[in-house]
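Two complexes follow with subunit A in common, the first pairing it with subunit B and the second with subunit C.
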Partner chain A sequence: MMNRRLVAWLQAAPLAAVFAIFFLIPLVLIVTVSFWQATDYELIPAFTPQAYLDLFSGCGGGADDLCVTLSTYGSTLKFALLTWAITGVVGFTVAYFLAFHVRSTLVQTVLFIVCTVPFWTSNVIRMISWIPLLGRNGLVNDALLGLGLVKQPVEWLLYSDFSVVLAFVHLYTMFMIVPIFNSMMRIDRSLIEAARDGGASPWQTVRHVVLPLSRTGILIGSIFVVALVMGDFVTVGVMGGQQIASVGKTIQVQASYLQFPAAAANAVVLLAVVLMMIVALMRLVDLRKEL
Partner chain B sequence: MSDQQRAAGTSRRQILKMAGAAGVGLAGFPYVHAQEKITLRYLGTAVNQDRRIAEKFEADTGIKIQYIAVTTDDVTKRAVTAPNSFDLIDTEYFSLKKILPTGNLLGIDTKRIKNADKITTLFTKGEVGGKKVGDQGTAPKKVMYLDKPDAKTFSAAPTQYMTLIPTVYNADTLGIRPDLIKRPIESWKELLNPEFKGKAAILNIPSIGIMDAAMVVEAMGLYKYPDKGNMTKKEIDLTIKTLIEAKRAGQFRALWKDFNESVNLMASGEVVIQSMWSPAVTAVRTKGIPCVFQPLKEGYRAWAAGFGIPRTLTGRKADAAYEFINWFLDGWAGAYLNRQGYYSAVLETAKAKMEAYEWAYWMEGKPAAKDIKSPTGDLLAKAGSVRDGGSYEARMGGIACWNSIMDENQYMVQKWNEFVAA
Partner chain C sequence: MAAERRPRPASFWFLALFFCAFVLFLYGPMFAIFVLSFQGPEGGLTFPLRGVSLHWFRQLWEGIGTVDIGAAFRRSLALGAVVMVLTVALSLAAGLAYRKRLPGGTALFYVVVASLIMPSIVVSLGIGLMFRLLDGALHGWLEAHAPSLAEGFVSTLGLFSSGLGAQLTWTLPFGLLIMFAVFNRFNPAYEEAARDLGATPRQSLQHVVLPLIGPSLVGIGMFGFTLSWDEIARSSQAMGDLNTLPLELQGLTTTVTTPVIYALGTVTTVVSFVVVGTTLAVVWAWRRRGGGA
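On to the complex of A and B.
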């Protein structure tokens, strides 16, 4: 009996070790450092909540003038929400098409691979390729001007909230398609037939049968998208012309100026926010049961 | 002789031969070891890390240079946290305020630097052509000397020990697209002129960007800073407030952080006026797009970089580092850098390695007698054109302030994040 338990522990040990070395210990370090003091060139291990106080200084003061931290989180959350909603709708539609409209397994596989083609190049390249398209003298503006639809180049196409969300959708829709497709493929086809036999319209079938049964996929996709957007600072930087704040960017700037306690405090707050969002999502679905 | 015997004989002979070779090898071993090639790990930004410089140095001396190219911020970070990871550091003078107190740098003995007394007076005295230049911010002369090699504070007066031996330096200003602006630009205040609404950009490296902003604030007549490179909290607030107001009014098209971003913004016409670096302006021009590194009446914001030696460096590697620094000041590298539009620390030796017409164009502000080519052979300027900003004395003599790290650095970065978030 004892022996078997020992074996079980040993079997779990490698993963536990990896988890401890690459996740738990760094996390503990970050939390510790966030309570330290620092000068330009050294860290002083003295407990102080100063980094957190600085982080939220000015918050809750003026009514119309939000403090930096809150407005940064506000804009990051806005991007997360918009991206989540759009990738959700697009991802669901694409997955639905692949799962229910394409009959042959071969075509399904081929189309699925086609979806992953953009992933053969790097994120940054895919982002940058939008710039000549959307710029002031870009293709879209050239076309609009040429068609006589506008008199002045449209400025909000690039370096704006619009271009940031566009890039996010472009980059992350795949993370929605895959899990949703996966859970749709597990739906018992006889349920769809039963709905049709029962007189449900195609829309009603989607709403009352497919959507609820794809919940797990949607949820997993949502976790991916939300976590990715919340931590992303490259996309916001490149597509927003570096003018739009994101939490990740703030952390990067602080770290590059050796302000480690401030960066660590920011990271801890970001982690807490993302965890809360994921916990909230998890309450909607019991992942363990569904998987 | 039977076959077997012959085989044995051969093998015996072979063994003897091998033993002989091994003997020579063993005896020769210490000698070979002493001649083993030295590799210097050179930490710095990509700007000065030119493959051709390393190749030429290796050809001249047999010492290998291994470049470690990181960003300006990361050079500082590594100097502070991992002084064992490099043998030679190429960093900017303003970073010294962060690096030196850690004790990770060792003062360089100028007695071992052949051309030490020929280093331009801009560094040693803060003068160009006998005239004082602006010393706001971290002017190199303020952080140039140490009382003893392992000192952790700067010496006010010149001594035998230098913190860094200057390599390259330049004076930055605004870059403009003359074809899209169509009128002369003379002052820093044009950066926030609503005429260029949505077509201006500023550098998103806080410690440098805020200096550019301060130049604008002064040019607009809003405030006169006692030292733009070391602002009080109130002054930082004022500067950032000006930037935020402009940003909310839609002045900026983008902010940029790296060289290529600034080139793309300018070349694509997204931006017509922005703070810019001289080689970036050249890069836009080599695409066939007109771009001017515009001299302004308020002057330039200057920067300078230099070589430093980590405290941990000893023995042959230390000798090699000194050899590299001496070689670097000896003219070939200086001429190479001058031809890129930077300036070298010892002008005399660089001049000896440049053609007279090149020197006249790059350093004396005279019209080019022949086509001007970059060290790699690209055409930089046609015969008859004049360098932006004119001669060395006109440009470097027009320095208003130097890149710096403020005492209120942390507060400044916090406020800068506010500007980005606004």
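On to the complex of A and C.
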């Protein structure tokens, strides 16, 4: 039996090694380096909370004058909440349609694949594909001008908060659809029948039967979307015209200027915030179970 | 089949409309850039289409400014191939390990899931940092012990060191989760039959288990390649001097204002679709040959 256990260990070892070397050690290094000092060209291993002090310098001064860090977090949180709410509603609706209204398994599979195919293509391509539609001379502006709804092209369609959230929804709704659909497919169909026989309206069935039973899928999707948006710097960069701040972008810029302690401190704070959000999401779901 | 005859409720039509709108939202913009990438030399970034030509693909072939697209394309293909092979091999081995008693398996599973939901910029920063510190240490050591080598030493950061590791932290969680799903549905009776007939564990793996889970392994390979092919966030701080195609593409979005960037988008998307299509075809053929196992 010892031999069998050894084989199991050896089989898991390469995978475990990858995560030890390229995930766990880097995380430990980030926490360590966040307490180091840095000059323009080298890192100095010395324990100092300077990076954290710099990060929050000027915070808590005045109520209406937020420091850079807090306003960056504010803007990133706003993106996360908006994206979470929209992808949640859209993802739930699409998954509900696929799981409960499409009757043939073949059609269901085909439509499901149709929803997931864009996942296999480049995110940046999917972002820039909005330019012909939302740009100053894009299709949307042409249509609005043609209909006489606006006199000048609308400027906020592209390179704005709007386009960033739009791109997030475009990219990440798939992360909601797949787990929610998966949860819905496990729901015993006789429960739906029972609700209908008990006199529940379709809306009540969705609200009191399908929604609570899909909570695992909703939770998994939510964790994905929140984590992806909170750490994002590519979408905010490309769709914000490199003008909008986000926590991920701050880390990326600091790392590119070799300000590693600052970037590491930012990363530690980001991790803490994301973890708290995930815990809050899990609580929310647990709470629903209690009710 | 009585359910099939029931008339559709009004909500069905509303939801079907919503679904169609969603699919249009998913595919519409991408379709727009495919069309625009085929326009004539005078074409711009927006409609209307000005002529039809392959002009922008020729431009792409000649390179955009200082960026050597061809080289980045080959680098991405090579890295994607290595990531694909390693993702399949390591996920399969770990998947087999989890079927036995694996002490510490739960802890490893949590680490893998943590890697999946960890903000990518954090992982990327950590890996970049680790290799830079390694560079510093190596450089110091070489100067002390082999000064001649220290001259030529540049960096340990690179496509197949830090870059490969960074991408594996992203592709392996998908691979392992698919492996779990596969083995959850796997009927151990086949293996028992093989064992009863005197097959060694190795023979039973080679002749029974692998042919049965083969299509799933092809699927994991596809995940590995396409995730690597489009990866940006984890690669960003970990690639060193030579960038992959998506990283170059991301840089180009701020500088290029001609449809050549749409042509590049069309090319990379075609590669993705070819890989996905080939995979589906292989899996389908395999399933048919195996009699729907």
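Assume the second predicted complex is superposed on the first by the 263 of 291 C-alpha atoms of A that agree within 3 Å, B and C clash if a C-alpha of one lies under 4 Å from a C-alpha of the other, contacts with A are read in each partner's own complex, and residues count from 1 in each chain.
Heads up, the rule we're going with is that a contact is a pair of C-beta atoms (placed from the backbone, for glycine too) under 8 Å apart; a residue touches a chain by one contact, two chains touch by 3 or more.
What you see is a predicted model, and the numbers here were worked out from it, not measured in a lab.
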Which superposed partner A:E155 touches (first subunit B, second subunit C, both, neither): first
Which of subunit B and subunit C A:I131 touches, first, second, both or neither: both
Touched partner set for A:T105, first subunit B, second subunit C, both or neither: neither
Which of subunit B and subunit C A:L139 touches, first, second, both or neither: second
Partner chain(s) touched by A:S190 [first = subunit B, second = subunit C, both, neither]: neither
Partner chain in contact with A:Q242 - subunit B first, subunit C second, else both or neither: both
Touched partner set for A:D54, first subunit B, second subunit C, both or neither: first
In the superposition, subunit B vs subunit C on subunit A residues touched: C
Contacts of A:N3 with subunit B and subunit C, given as first, second, both or neither: neither
Interface residues of subunit A shared between complexes with subunit B and subunit C: 42, 131-132, 135, 137, 237, 242
Subunit B - residues contacting subunit A, complex: 71, 73-74, 76-77, 80, 97-99, 101-102, 198, 201, 204, 206-207, 247, 252-257, 261, 264, 268-270, 405, 409-410, 413-414, 416-418, 420-421
Subunit C to subunit A touching residues, read off their complex: 3-4, 8-9, 11-12, 15-16, 18-19, 22-23, 25-30, 32-33, 36, 44-47, 89-91, 93-94, 96-98, 100-103, 105, 108, 111-112, 114-115, 117-123, 125-130, 132-133, 136, 165-166, 168-169, 172, 176, 226, 229-230, 232-233, 236-237, 246, 249-250, 253-254, 261-262, 265, 268-269, 272-273, 275-276
Residue ranges of subunit A touching subunit C (in the complex, touch as defined): 4-5, 7-12, 14-16, 18-19, 21-27, 29-30, 33, 42-43, 90, 93-94, 96-98, 101, 103, 111, 114-115, 117-118, 120-133, 135, 137-139, 142, 170, 173, 202, 223-224, 227-228, 230-234, 237-238, 242, 248, 251-252, 255, 260, 263-264, 267, 270-271, 274, 278
Touching residues on subunit A, where the partner in the complex is subunit B: 40-42, 54, 68, 71-72, 75, 131-132, 135-137, 155, 158-159, 237, 241-245, 249-250, 253-254, 256-259, 262
